[in-house]
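Take a look at the structures below.
Next come two complexes built around chain A: one with chain B, the other with chain C.
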Partner chain A sequence: MTTLTLTTPRRADWLPKYGVYLAIAALIVYNAAFTPYFLTVSNLRIQLIQVAPIIIVALGMALVIGTEGIDLSVGAVMALVAALIPLYLGYGVIAAVIVSLLAGVAVGLINGALVAKVGLQPIVATLALFVGGRGLAVVISDGQLKDIRNADLIYLGSGDLLGIPVLVWTAALAILVVAFTVRRTVFGRRLLAIGGNRPAAELAGLPVQRVLITVYVLCAVLAAIAGLLSVGRIQSSDASSIGLLIELSAITAVVVGGTPLTGGRVRVLGTVAGAVLMQLVIATMIKNNLPPSTTEMVQAAIILVAVYAARERKTR
Partner chain B sequence: MKSAHRRVAVAALAATCVLSGCAKSEEEPATTGAGAAPAASQVVQSAAPGAATCTIDQHGGEKIDLKTAKVGFSQSEKEANPFRIAETQSIKDEAAKLGITQLTTANANSQFNKQISDVEQMIDAGVQLLIIAPLNSDGWDSVFAKASAKKIPIVTIDRKINAAACKDYLTFIGSDFAEQGKRAADEMAKALGNKGEVAILLGAPGNNVTTLRTSGFKDQMAKIAPDIKITFEQTGNFSREEGQKVAEQLLQSKPNINGIYGENDEMALGAVTALKGAGKKPGDVKIVSIDGTKGAVQGIVDGWISAVIESNPRFGPLAFSTAGDFFGGKPVGQDIIIADRSYDESNAKSDLASAY
Partner chain C sequence: MTLLEVAGVSKVFPGVRALDDVSFALRPGEVHALVGENGAGKSTLIKVLTGVYRPDAGELRYQGEPVSFATPMDAQRAGISTIYQEVNLIPLMSVAQNLFLGREPRTTLGLVDRARMDREARDILAGYGVTTDVRARLGSLPLGAQQMVALACAVMIDAKVVVMDEPTSSLEPREVETLFGVIQDLHERGIGIIYVSHRMDELYRICDTVTILRDGKLVHTGRLADLERVRLVALMLGREVSDVRREGFTVFSGDHAAADDTPVLRVSGLSSRNRLHDISFGVRPGEVVGLGGLLGAGRSETIKAIAGAYPVDRGEIEVDGAPLRHPTTVKAVAAGIAVQPEDRKAEGIIPGLSIRENIALSILPRMSTFGLVSDAKIDEVVDRFMKRLRIKAAGPHQRVGDLSGGNQQKVLLARLLATGPKVLLLDEPTRGIDVGAKAEVQALIDELAAEGLGVVLVSSDAEELVEGSGRVVVLRDGAVVGVLTGDDVTTESLLATIAEAGA
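So, the complex of A and B:
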């Protein structure tokens, strides 16, 4: 009995922290044995390209979740960006980038203001733009798919820099910036303090409203970058389908990566690993030609395990 | 706070820019091929003798003049897909041509509940003819009850409803999806010389278009080219992005694949992007798809796609002429199957302008 009570808390601590890495390792071992051409550079490349936009969005989501919030509007931001890009691409790719970032900032300011100043629940505040943002995007684009031929924009989404896709470089840079922000900056500490205990943070005199607004702006800007790169990757802009359900993929990556939904902690590398794990699950199912319903069931099982593990730690 | 205000100002500026129309989009490339070829309207396949027909006496209702009739059109899916754009436009154009001024249209945006309420509202508003592009094949009972109480004829287009023709609805006008799959198999077998490995990019699951385009393709392939093996079937949900993602995985793990059958053009175009990304050249992997959109026909001209089987969305002329015959007392077919064309390298360039 004594050994049991001693080991239980240790196991509970270990699972949410390292479970995602173990699951990735298990999938890689399985695929190495059963999937042809799995351990190849070309495969690594494709998986990284496909997961990069999800990682970029999930990093922003992790920051928001760190403040005990949630942002449902990230997919709508991608749709808005996709709708705006063809309108301004005539001025060149720089204009498209600027317009995309501005759209992200605008959505982030609205979300942040609704959460921090008006005091709405984050899930309700961002629901407004989740619905309205995509609707507006469909109106702007006339609901029609537009082909993108601008070589510079296609380079951003599909091109290589030093042999590595620009998309992957961007995701790597985003990981570094977010990790540095969370671990090394005053802003990062304030963010976690607010997520851990907002009333205490307010009493301690932290600029709670400003930090919250900045977090939502960061999240929306990251989503805008993901939207821009996705348009360049698909080489067409379809506001009604781009980023559809990506908010769920992003939340899944954050949760599976061990970041608690209760705020106060952000696991940046865990989030990246969570996104990679879900991508590997999808890749495994497709490469082995299993029906899509199986993929969904496996994903559901992984989420359940992750949530269960997080619950264990809380009640420890 | 100062910086926040500045950011608001910049965002507001950008918004004004959108509204004031300082936008500048990319220049369209000059389209190749003939200029003003007329958009090909649908042609009915010759009906088998003795095929079931329907008259106004069998169905019920009174003879009216189509020109002054109130007509309702319910579209099923968002118009992001060229097929839907062309379909709605065709209905509107034909109504304008016939001088029908009282046409109401609604789009259910892929939500079935919305389509049911769209149609019920049209019935309440007193339409005398309903043209419906159904999202689902089942679940129409409440609509049928309302429509038959007022004896409103319903013409369903592109997808069929599981119900009794000439009673619940007047007639179905559409393509034979299994036949489209069969013809795609013929083209694929021809492109591959009757041997090789083929992958299928399936449409959205649980949809009769997907089911029939798959079974038609597989049955015909087994019959005419047993040496062609279908080794991969994954859904791309009829979307370009998912078609691209699935095709990327496919090309990586099965580099020996010879052909890709896309159950619609959008997924096939996604596969083309994936092929480009994988460093393949036009023709390395043969692609056959169904729909006949401009992008896909241009893909044939560019050498990426071998053949496209058309699914003609221009239902306007046929739908209104059928309704006109019905109101005029003539018998109309209960199942009007249209003849779809096909595009390959011999006619892609010349017919590009008639693709939608």
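So, the complex of A and C:
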């Protein structure tokens, strides 16, 4: 069998690898030609601001999926952050940021411990906080929508630095940090090894539990950052609606970007492209006055194509 | 008349000839032992007999008629039932539901008659020594009882042939007795039984005939009572050595240990659950200690326990004089233990990663500063080991999953050696690799011992074990039953020790 794979030329796997970039290019060309005001600075700005939180969350999701896991609790983390911020914003934006990050760390530790120590399946372990986290957030915020008037926090969510939104800068920084982590650090290589073959990684003496817990903490912290920035952007905190269904958008971005759900590989740029593609699809549909139901069906079709392409790669 | 037989059956998988011109015949009322080491072709033969695989060549005859089963279901309907090692029932359904699955008694309205089903299930199971509440979930029963339910299921569907694959491996002694009672009963009713097991005592107690397979070939078939235990073990392990193998064996050059050296690995009183009992042995620097025994004797478990990957209840492990308490895989590697697991694909290599990532996996902290990996350092190490072990690949960035078995094994060994270990635990290091790579791996083991490493070698290949080891510790049922030293390290004494009747 092994000799076969050595002698048979490798089947082209361009679809999972580059399909997402081609699709983005096609959509841009289409919109440039047919959609009025598409290639304007203000439109690009809106698109980037809308996609940035999804990218931040999807990066963490990609790391978790790289370990053959999944994290359903990212939306709940955003809700928890939204509920906590008004309580601490009185002490200044630094306090709000610290509390947000701590909330992320706490959720990540719980998820990671359930997966790595207790040995629950990731989908079940994170389902607990997916359900309970948002509920807790609503209790903390008393079910009320609170307006945010802190200028510093509003700057983080809606302000510009050198003409580019802070939100977009943050997403760009997150992309760099995650890409660097996956490619250059001991942690990143261990993560891929654990996703590729966990029993083998254990026998090789890797600190499997520690790496897994760290991965879930990173994912939750990224979600917390996304939550914080979203509160600053919307300029209000509503624990019952912020980050709703973002776990699905994030998983979609990761899968469409070519990261296999079977673990052992993380495509950072692919994930970013996956998020951008889904954003462009939605924008294109809206600008062509297609109803949301059509948009959803197109999204479903893209996910199916992506999963089909990944399936082909697995059976190679 | 034969009940079920195959004549000249062959089955080829990519790269392996799993069955090569094997013939097998089962008569009514016969208890037929099917034995052979891992990879001998037992499971493949069973799967051919039960309709899971279709043979590439040869004929399957059932009750005198040539047949061809399209699916396992067809074979089952024809009366051939299989009880697999892992019980194949539905744990979340009740015992009675499992027993009557697909054949539930109906009421006049066509609904399932639960009362009748439970009542009948209770009566049937009582005959198998299972007196549990039949409405309980099957999964809540002990494994032994589950197996009895599976057996009852098999017999209920009017089976004429029952295949049992290691039926006693999860049974308590009392349950084994019940099972043997049931087998005796089936025997008297003229049902043919194919019995797969490695426990000599059981085979000689209940089996009439035996068929021995090795490397996909039939090596012996006949009455079990006429076959000495030693002869049976010899046939199973393959005393007859082909020229190719002999060529491979000349590479071992013997003992490198100085007698007065302190052991680099000392294991004393190692016990684990019901699998390992009070195992003690030591390995001096430069010494290769073999672990002998049949499949299931506890060799792999011993290796895993030392490597921190199998729970240890009692016992001490010392590496180079330093005790290894509550071993975990992380601590074991840090202490200087490197383990090569038996199942290379499932527990050894990481197929999706490159050769260099695989080799560097255990030493990443040493290859990095402040958590950042230095590619230059890794390249240097990888280059050294790829040359030393003569790993044949397109380059260090090739996926390990695309390499041949022998090269995968070398990559794995390179990972172990890169950690600079004091003790190497090798579980079947030459299994599934070609002859050339086999000789190279054997030469390497020899070379490493000469450099002063302590090596523990597990091999089902008796010749390899004897030629490669300076001393052989023989295990049976998870306990040490003998140690061969000096001139005693021969296949004859190894086989004799393995075959000795249990205490």
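Quick note on the criterion: the second predicted complex is superposed on the first by the 304 of 316 C-alpha atoms of A that agree within 3 Å, B and C clash if a C-alpha of one lies under 4 Å from a C-alpha of the other, contacts with A are read in each partner's own complex, and residues count from 1 in each chain.
Quick note on the criterion: a residue touches a chain if its C-beta (ideal position, glycine included) is under 8 Å from a C-beta of that chain, and two chains touch if they have at least 3 such contacts.
What you see is a predicted model; the values in this text were computed from it and never measured.
Colleague: A:89 contacts which: chain B (first), chain C (second), both, neither?
Modeller: So A:89 only meets chain B here.
Colleague: Is A:50 touching anything from chain B or chain C once the two structures are fitted on A? First, second, both or neither.
Modeller: First partner only.
Colleague: Return first, second, both or neither, reflecting whether A:298 touches chain B, chain C, both chains, or no partner chain.
Modeller: Neither chain B nor chain C is touched by A:298.
Colleague: In the overlaid three-chain picture, which partner chain does A:238 touch, first (chain B) or second (chain C), both, or neither?
Modeller: After superposing on A, A:238 lies in contact with chain B but is clear of chain C.
Colleague: Once chain A of both complexes is superposed, is A:37 in touch with chain B (first), chain C (second), both, or neither?
Modeller: first
Colleague: A:150 contacts which: chain B (first), chain C (second), both, neither?
Modeller: first
Colleague: Can you tell me whether chain B or chain C touches more residues on chain A?
Modeller: B
Colleague: Applying the document's definition of touch, where does A:213 land relative to chain B and chain C: first, second, both, or neither?
Modeller: first
Colleague: What is the shared patch of chain A, the residues that chain B and chain C both contact?
Modeller: On chain A, the chain B and chain C contacts do not overlap at all.
Colleague: Over in the complex, which chain A residues touch chain B? Could you list them?
Modeller: On the chain A side, the touching residues are 35-38, 40, 42-43, 46, 49-50, 84, 86-91, 99, 102-103, 105-106, 109, 138, 140, 143-145, 147-150, 158, 210, 213, 217, 230, 234-236, 238-242, 283, 286-287, 289, 292-293.
Colleague: Sort out for me which residues of chain A touch chain C in the complex.
Modeller: Residues 1-6, 184-187, 189-190, 192-193, 196-197, 199-207, 264-265 of chain A touch chain C in their complex.
Colleague: Once bound in the complex, which stretches of chain C touch chain A?
Modeller: Those residues of chain C that touch chain A are 13-15, 307, 309, 329-330, 332-334, 339, 341, 346-353, 357, 360-362, 364-365, 367-368, 371-373, 401-405, 408, 415, 419.
Colleague: Under the touch definition given earlier, write down the residues of chain B that touch chain A in their complex.
Modeller: So the residues of chain B touching chain A come out as 1, 4, 7-8, 10-11, 14-15, 18, 23-27, 29, 78-82, 85, 205, 231-235, 239-241, 244-246, 248-250, 252-255, 266, 269-270, 273, 277-278, 295.
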